[in-house]
Amino acid sequence: MRPSQRSPRQLRPVRLTRHYTRHAEGSVLVEFGDTKVICTASVEETVPGFLKGKGQGWVTAEYGMLPRSTGSRMRREAASGKQSGRTQEIQRLIGRSLRAVVDLVKLGERQIVIDCDVIQADGGTRTASITGAYVALADAVNGLIQAGKLAENPLFDHVAAVSVGIVEGEPVLDLDYPEDSACDTDMNVVMTGSGRFVEVQGTAEGVPFSRAEMDALLGLAEQGIAELVELQKVALAG
Amino acid sequence: MRPSQRSPRQLRPVRLTRHYTRHAEGSVLVEFGDTKVICTASVEETVPGFLKGKGQGWVTAEYGMLPRSTGSRMRREAASGKQSGRTQEIQRLIGRSLRAVVDLVKLGERQIVIDCDVIQADGGTRTASITGAYVALADAVNGLIQAGKLAENPLFDHVAAVSVGIVEGEPVLDLDYPEDSACDTDMNVVMTGSGRFVEVQGTAEGVPFSRAEMDALLGLAEQGIAELVELQKVALAG
Amino acid sequence: MRPSQRSPRQLRPVRLTRHYTRHAEGSVLVEFGDTKVICTASVEETVPGFLKGKGQGWVTAEYGMLPRSTGSRMRREAASGKQSGRTQEIQRLIGRSLRAVVDLVKLGERQIVIDCDVIQADGGTRTASITGAYVALADAVNGLIQAGKLAENPLFDHVAAVSVGIVEGEPVLDLDYPEDSACDTDMNVVMTGSGRFVEVQGTAEGVPFSRAEMDALLGLAEQGIAELVELQKVALAG
Amino acid sequence: MRPSQRSPRQLRPVRLTRHYTRHAEGSVLVEFGDTKVICTASVEETVPGFLKGKGQGWVTAEYGMLPRSTGSRMRREAASGKQSGRTQEIQRLIGRSLRAVVDLVKLGERQIVIDCDVIQADGGTRTASITGAYVALADAVNGLIQAGKLAENPLFDHVAAVSVGIVEGEPVLDLDYPEDSACDTDMNVVMTGSGRFVEVQGTAEGVPFSRAEMDALLGLAEQGIAELVELQKVALAG
Amino acid sequence: MRPSQRSPRQLRPVRLTRHYTRHAEGSVLVEFGDTKVICTASVEETVPGFLKGKGQGWVTAEYGMLPRSTGSRMRREAASGKQSGRTQEIQRLIGRSLRAVVDLVKLGERQIVIDCDVIQADGGTRTASITGAYVALADAVNGLIQAGKLAENPLFDHVAAVSVGIVEGEPVLDLDYPEDSACDTDMNVVMTGSGRFVEVQGTAEGVPFSRAEMDALLGLAEQGIAELVELQKVALAG
Amino acid sequence: MRPSQRSPRQLRPVRLTRHYTRHAEGSVLVEFGDTKVICTASVEETVPGFLKGKGQGWVTAEYGMLPRSTGSRMRREAASGKQSGRTQEIQRLIGRSLRAVVDLVKLGERQIVIDCDVIQADGGTRTASITGAYVALADAVNGLIQAGKLAENPLFDHVAAVSVGIVEGEPVLDLDYPEDSACDTDMNVVMTGSGRFVEVQGTAEGVPFSRAEMDALLGLAEQGIAELVELQKVALAG
């Protein structure tokens, strides 16, 4: 049994609350246990400079943590004057993950900006962000379709993400913060609804991992992401 | 009647939800109607350099808005690399307001950092922030007292804030965003529980205001803040 | 009697020296006692991006202090790589105050940039800046009229500013630095020539202030600003 | 056959030139075909603040590209005033990879800073950097041992890296720039001399990849890294 | 005859006004014709980090221009967030020039910071700055001597500077702005009171210059600086 | 005899290796003894904003040092977020020096960007950079001529640079780092192939220098630069 009383193959309770704030075209509160992230999707009828006149759209993401979303207060990035390397890694990952399931030509010359802001952190903020951001993106896209601005749906699949890791020698799914701090290997996996890989990022924090461990982790991730995609479908049908 | 169906002397529905997130020593969600701000208080057992060895503590504040807390997405300050002049003005105001009711010597050589993060904006974010931050600060201070780290309560009064303004020629209390955009004069007032002024910041956005209008606005603010202090007391007793 | 041998209702000696430097369209040295500020007005035949094609002009301000304008040397903001929150507050205040008496449509699609640079500080630099900047602005506008570039005068009133405060329990006018450091309440008031309020910014540095004190301070400010407006008129007629 | 006339399982010609520049404690020019990176190791007898007094050392890395190491000139990061997200990702990866084979306690309270500067780029700059940096690090550590400053060797294994990817449907080893631009999946793998994984970073640039493709890529990487470790051993024995 | 009605060997009218502002230990307004610079010297009883505990002091300089000191308004460096390359070159030059005549050991472990702020520019701001800064520095040093903080005078010579150049084929002394804009060669020369060179910075703006022209320019500079040193002596005796 | 066994009038061994890297239009490794700099010339078919539509081109330069090109590691400028004053001085000098021999109108509306990156430093990096950059520039220009993009050669002369200085009382040519650290006077001289001066920058590091010393240094520089220009011609003919 894990400290959170979960089995190794068990996700934390996951909640996806749509229409969480009122201004954004898509707004979702995603909770993976005690990890809580507000994901908004903002539609802008313009594209970045490098895409001007190319007949396609863009999806990009930004990520932030409230200073006291964590156990000890972190310095506010706006005050320190720059985003950390970690922040940039995560927001680039979220953007790439979402673009993997969007037909940017069908989106037309517009941009959807995803903001993922962590209001409470307990491990897995980047995987929760991707999973919630997909739902916010879907709401924004559906709004464009309903407003008659899109002829076809540019979303051709789901995308979700989960962390897996080796804790005290055992592969486990969806690490919370105490497990994340203690694990030997931490892997973030992003997959589509059709079961293909978009991103695999595995890091040995302690002892490097064997090929057999790698295989076990990938299997856990496949199972967890299939469950998350089902939860996305339920939320969007709600 | 105002657009929000309120009388000129009527506050929006105000809610103060304590223990809103789990890590901070004080954590309050404050709502003034559709304006929603997370206020956290973080206790740090150190003081800024300019106070080292002076036998007193410090209370300071930082303020931010989620990029899509507003009707159109604002640029993320962490990405643009600096805090706007408006952000700095507001966080300096919050800090000064709170320090007006704290005996910094009784606080001892520690710092309490207040973070006010707007997750949804509809006018009055700075006054909601001050009003909610006081409750988060009180929770953090009470925690220190209960932990035996403080002999005496360094808080000697309440502090709360409200906006008042002249909209279409009439003085009104607690402006929402549509009123704020249309008003001729906008005034933010910060007062103590004992009815004295900590800050008065009045700005003529359109036609400059007369002394008689000034007097009417101050009267409205006195009434509104007295109500807000009562709500703080109820919340803290809850 | 105050440390400067002034009565409570007495301004410091005020001097407004026009044509102080030779390049700017308006250039004024303003002195409030030992506080000395160079105010220049620069006419630019362009407007900021957000006003392009809107058929109106703009007035904006920047503020700075020479590093050794003060008793101990301050770090040069150009060297530290950013303007302090205080600097930004002040320059936003100067800009708003001046715009309150300018018809921006009559100004046409051009911008007037006011620079207020403190060469010697002894309290009240922001109120001296506003008072002197108005004269520099008027000179620049008159130059445009004489050059046939403006059909009508866009300035429809005067604007000036003064500080008032409560020092050792007594309301006094136009605080110098020793009084500013010792006061309980410091209030900056900006008013038009017709006696209406543009800005009121009162801050309790020590004990919060009562409504009666507030009223007394506003009365002092009304008197002081009326005197300053007369001095502006004399200077502009000179 | 690939554009470079290599078989799918074939590395580019790899060269490791030690003592490439004269000042650094370790200095290696690593070449993976036309990709050329100068890797230096600098020993500093101090540790970063967060490790002061903890009885251990640190290994960290920085990465840069000369502006014209690439086909079209990139903006110099020193001139633009910040390192890109990509640069930060890569230098964090290099540092983590090297620390995976260093006993930081045995290193003692000192820091070794690795600088990887790309003078000519043709794909795979991060994997070449890691592979060359290990040799520079080994030279610096050997210097410390020879100088009597280290009792035991803190390096307990080799570490090297290679890219693998799916190009036109086929898994290939060690992508050059034309392949990297055209591939559907790009994966960077870091492994130890004993055949365990330190980092796996796979990204679907086009079509997401299947589990079978994932397995094939990992197999290719295992083979390639085993060859690179042999080349490191030959270089260090030279 | 030159546009300013001067002969080729003639300086502009030079004025050195001591005690120009009241706070600094040395404060001089230097005027070379219409070029006006405020030079202050601030004594700090500390040294920069790299000199701590080395038994010597330091002299350094900063330079700035008011935005409208020039014919068209320049962007304020504090607002743009960095000092230009030109500003840095000039302030480094001023610092090196002054240190050439200071015995830093005799100065003791303290720093004198020189601020040169141009309030009106008409060519030659850096040479006027050096010439005025020397006088401000001398006043600050004399203050230290009179206060009994220095046993011996650390200033062992004078230092002054002038520009020379080739305008329409003729070598001339002390260029004003119209000459500076039109010249083929511009040279700034810094010399001691004893007639030795501290800095020579010659730049061909148009046609490169011959050795004979170089010799003529150096001769002009020698004469001009001898006159400037005399003016410094008169000012300091005043 | 000097520490490097050279006579006072003797250059270090100088090598100019063309086509050093493969992407740039001009790419030269220049070596002055142990000082090694990669100089690349990049042709861009655009001009900076201030030259748009003016019918002429531009040549500019950037300079950098690898962090461990020096005896002790320097902080990476991209990491510290800005270029030092020294870096900016040097790159401005390189750009001015090259432009002195280019007919910018003949170059047409395009820009050539020179990058000088020091991979190993032993004194004289700026003079080596200018000398090598000229050859890279010539290669880039010749490429444009061969491609039929230029009707006439915009280069009308050579330009090269060398340092001279007074070491232990004696004037010497081409100082290496030990001499540079010990010298009383350091002078960098830039001259054309026809023997005229482009830049003279002399600085007294210790004792100020006399007119006679100045004359001796200029003579040494004239001789050294004549030799460097011959080496450029040989390299370009190779």
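Order of writing sets the labels: A, B, C, D, E and F. Residues in every chain begin at 1.
One rule holds in what follows: contacts are C-beta pairs under 8 Å (C-beta built on N, C-alpha and C of every residue); 3 or more make two chains touch, one makes a residue touch a chain.
If you're wondering where the values come from, they're calculated on a predicted model, not measured in any experiment.
Taking the definition of touch as given, a chain qualifies here only if it contacts chain D and chain F alike; none does.
Traced through touching neighbours, the fewest hops from chain A to chain E number 3. Centroid distances built from C-alpha atoms place A farthest away from chain E. With respect to chain B, maximal separation of chain centres occurs for F (centres as means of Cα atoms). Centre-to-centre separation of chain C and chain E, using mean CA positions: 33 Å.
Inter-chain centre distance (chain C to chain F, centres taken as mean C-alpha positions): 51 Å.
Contact of a single residue of chain B with at least two other chains is seen at positions 82.
The ring sequence of chains is given as A, B, C, E, F, D, with chain A as the starting point and chain B next.
Residues 82, 85, 88-89, 91-92, 96, 100, 187, 191-192, 194, 196-204, 207-211, 214-215, 218, 222 of chain C are the ones that touch chain B when the two sit in their complex. Listing the residues of chain D that touch chain F in their complex gives 21-24, 27, 34, 36, 38, 40, 42, 44, 62, 64, 66-73, 76-79, 81-83, 87, 113, 115, 117, 119-121.
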